[in-house]
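The structures come next, written out as structure tokens.
One chain, chain A, links the two complexes that follow: it is found with chain B in the first and with chain C in the second.
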Partner chain A sequence: MTALAVANLTVSYGDVVAVRDVSFAFDAGEVFVLLGANGAGKTSILRCISGLVPARSGTTVSGERSLNGLSPHEVARAGISHVPEGRRIFPNLSVEENLTVSFIPRGSDRGTVLAAVYKLFPRLAERRRQFGGTLSGGEQQMLAIGRALMNSPALLMLDEPSLGLSPVLADLVFERLAAINAQGTTILLVEQNATCLELATHGVILQNGRVLLAGDRAALQDSDFVRRAYLGI
Partner chain B sequence: MSGIETALVPVGQALLSGVLVGGVYGLLSIGFSLAFGVMRIVNFAHGDLVMYGMYAGVVSATFGIDPLYAIPFSFLLMALLGAAQYQLVYRRFVGFATLQQLLAAIGLGLVLQMLAQVVFGADTRSAPSMFGGQYLLIGPLFVSAAQVMAFVVAVIATIAVEALLLGTHWGRTVRAVADDIEAAELVGLSSQFINITAFALACGLAGIAGTIMVTYYPTDPSKGLSLMPIAIIATTIGGLGSIRGSFLGGIFCGMVQQLTAMLWNSALQDVPLYVLLLFFIAYRPTGMFGFRTE
Partner chain C sequence: MRPLIPIAIVAALPALPFVNNYILAATVRALIFIALGQAWNIVAGIGGQLSLGHGVFLGLGCYVTGILFNELGVPPWIGVWAGVLVSLAVALVMGSMTLRMRGVFFALATVAVSLAFDQLARHYVDLTGGDNGLALKFLGNSLWAMQSRWPGPFVYAGLVFMILYYWITRIILASRFGLEMRAVRDDEIAAAAAGVRVFRTKLLGFLVSAAMTALAGGLYMQFYQAIDPESAFGLGQAIQLQLPALIGGLGTAWGPIIGGALMIVLSEATNWGATRFGFIGVDILVYGLVLLIVVLWAPQGIVGVLWKGRRR
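And now, the complex of A and B:
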């Protein structure tokens, strides 16, 4: 089943076109990666799917449901969680409040979902009473992901979760994402860090708002673009 | 009593009256502060809702009902009026206190004042409660029973708002929107619903403040406007967006006013407040408790 289909998407801010005629689709259960340098249009695509910015043209469809014109909280309630760039946790809410305020009921009760998040990120359980703003960068990233999981999402979208983290912490985040995916959550991952390709099933490489290359993990890893731009070979 | 004690009695009297008056200033300030803290809306018409709250007391008194019983109705009416204002005007300005937003609020305030003048007339009106004209003696100090009652209502309302914000799911959603409206939407919270309810609460508090104030302080259609400087000064000193800070800022304003009136001249009672406002804006713009202000 198609988890998300983006067709001929164009996003612009005034006269500046950030995304030009981009199309991609992936199935439920995949880890789909949008790879590209700064300014490639990755963040704009996620923000458009979430309803934070309008599409100038094109469609976004999740399963059978069109996402066009929905407001961000409606997209979240449709089962699509978005971990935004820069984490954007609630600094004046405690860690536990950050999580409970983000709970959306889908069969399981709040305590069960909260326990599952704490199991995935035991560090958050240790800091549950602390204000979100007092956490380290890595802990904030865990909280941002945990908060998105309180929605029990069918699709989890992450905008550069490794940005600003040490390589060790970045690896930890990617490892947790693999575990989340193994439990059945589809992932759409935006990165400029090519190590995330280890996780990917499929993906696209974006450049200046256009799709440069689409393919499976092997195709992306073997591409000249990734070799040159990311691995320095 | 020795000479020094006798000399201190008027000071104690001024401070005590200041605390009582200041409690109500605190209540009218927390509504103003809430709208700013959550939505970054500077509601210059907030005082005019206090004025309508005062007239709610006047109207109930003319029907022979004690204004204290009108408090719940005043709260609901002003909350509804606030929700309507939000939906018609302020919704467009959430997140940035722009010049357009300020002008819209000032315009709305003028409309409310004109409307009050048409409906209630320009005369000064008052509405004493069952405690009107009664005084309590505390040692050498005396206080008006109506002011004590108003202070108690203000404290209860403030504690209730804090409990609502800190202890309920709705309160957590309000604080989440105050922190980051976009992130709140992304976790599935409807910022429109949260903002309109928070704004309604802020305006409902203005209604309560007005109705208890009219039991000892007469009103006229321009009363709201004359109360706005107090709300602005109290929230600036206490910290914009901080409920506790705004309440304490209100009490502080009441004490400074009464002390000035006693030591200097009651016509000049607001002068030190404006000096303090300038001082805080220049040297401590986040106020005493304004940890929320980025």
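And now, the complex of A and C:
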């Protein structure tokens, strides 16, 4: 089953076109990666799917349901969670309040979902009464991911979760994402860090708002873009 | 220590007839100030929407109560609820127009609404008394007309307001609605992404706050017996309404109580000093200084300084 299909999507801010005619689709259970440098349009694509910015043209469809024109809370209620760029946790809410506020009931009660998040990120359980703003960068990233999971999402979208983290912490985050995916959550991952391809099933490489290359993990790892990023040539 | 405060207040009540009227009147002013501050604290402290237009709801509470009483003989017990309803209607329109704006644009839009009401109150002289304001017809001591020569009854009424509004604030803070308001205050985009209906949450907080302000406006009118456009819709009043929460601690239930009490003590002390030594308006200067100190060194307010590390 198709988890998300984006077709001919164009996003612009005034006269500046950030995303041009981008199409991709992936199935439930996948880890799909949008890879690209700064300004490639990755964030705009996620924000558009989430309903935070309108599409100029094109469609976004999740399963059978069109996401076009939905407001952000409707997208969240449709089972699509967005971990925004820069984490954007609530600094003056406690860790537990950060998690609670994004709980959306879907069969399981809040305590069960909360316990599952704490099991995945034991560090958050230790700091449950602390204000979000007092956490370290890595802990804040875990909190942002945990907050998105409180929605029990079918699709989890993450915007550069490794940004600003040490390589060790970034690996930890990717390892947790693999665990989340293994439990059945589809993941759409936006990154400029090519390490994330280890996780990927499929993906696209974006450049200047266009799709440069689409393919499975092997094809992406083999691409010039990734070689250059790795080898610096 | 905290549970002792209500006990001390209740224990002190029978002594009220023996307290001099000056102290009682100052206490009423403090209690009115506290109630209005708590109302503003809901939308601004908890919800993060810095409204400079709450004078509109104070004014509507006063004017509607007063006009209904003077023109139609409607007792304030009923009139004030009409004021609340009118305020809710105005808040619905005003909020729908302004709450989609961010930060300073919202604040400026609420100033514009205040100015519009200021002009309306000055223009419809037959109803509002125009620039001179509206004075209640004074009937002497009357429970029905909620009038009293002695400030004592207003102390009781003010205490009821303080406790009720404190309690409402606590309930909101502990509720899902309060949590969503605080999330919106911290980060609107993250709140939307977390599934919060941002605009609806803001509007609901604005309505609750407006209704509470108008209700406290009823007490204001009965105590002062008069209202004028400047006291209701002026920028000075708009700032005055923010001080208890700003100084005491934004978004906390105790903040407006502590801040409001402190401001009245300061204002009475400086007033006394001003008349004694001939500095007119020194209280405004002291307000400004206190506000400056709080903003610079204690943005969490007095509560934030006192209860550092503890949650509210």
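The definition used in the following text is that the second predicted complex is superposed on the first by the 230 of 233 C-alpha atoms of A that agree within 3 Å, B and C clash if a C-alpha of one lies under 4 Å from a C-alpha of the other, contacts with A are read in each partner's own complex, and residues count from 1 in each chain.
In the analysis below, a residue touches a chain if its C-beta (ideal position, glycine included) is under 8 Å from a C-beta of that chain, and two chains touch if they have at least 3 such contacts.
Quick caveat, the model's predicted, so the values are computed rather than measured.
**Student:** Would chain B and chain C fit next to each other on chain A once aligned, or clash?
**Tutor:** clash
**Student:** May I ask you to decide whether A:102 touches chain B, chain C, both, or neither, giving the answer as first, second, both or neither?
**Tutor:** Both partners, chain B and chain C.
**Student:** Looking at the overlay, does A:89 come into contact with chain B only (first), chain C only (second), both, or neither?
**Tutor:** A:89: touches chain B and chain C.
**Student:** According to the stated criteria, A:77 is in contact with first (chain B), second (chain C), both, or neither; which is it?
**Tutor:** Touch status of A:77: both partners.
**Student:** Which holds for A:127: it touches chain B only (first), chain C only (second), both, or neither?
**Tutor:** Touch status of A:127: no partner.
**Student:** Following superposition on chain A, which residues of chain A contact chain B and also contact chain C?
**Tutor:** Shared contact residues on chain A: 50, 52, 71-73, 76-77, 81-82, 84, 88-93, 97, 100-102, 104, 147, 150-151.
**Student:** Which stretch or stretches of chain A touch chain B in the complex?
**Tutor:** My answer: residues 50, 52, 71-73, 76-77, 81-82, 84, 88-93, 97-98, 100-102, 104, 147-148, 150-151.
**Student:** Name, in rising order, each residue of chain A that touches chain C in their complex.
**Tutor:** 50-52, 71-73, 76-77, 81-82, 84, 88-94, 97, 100-102, 104, 129, 147, 150-151
**Student:** Spell out the part of chain C that touches chain A in their complex, as residue ranges.
**Tutor:** Residues 179-180, 182-183, 185-187, 189-198, 311 of chain C touch chain A in their complex.
**Student:** Per the contact definition, I'd like the list of chain B residues that touch chain A in the complex.
**Tutor:** Interface residues on chain B, with respect to chain A: 169, 172-173, 175-176, 178-180, 182-191, 291-292.
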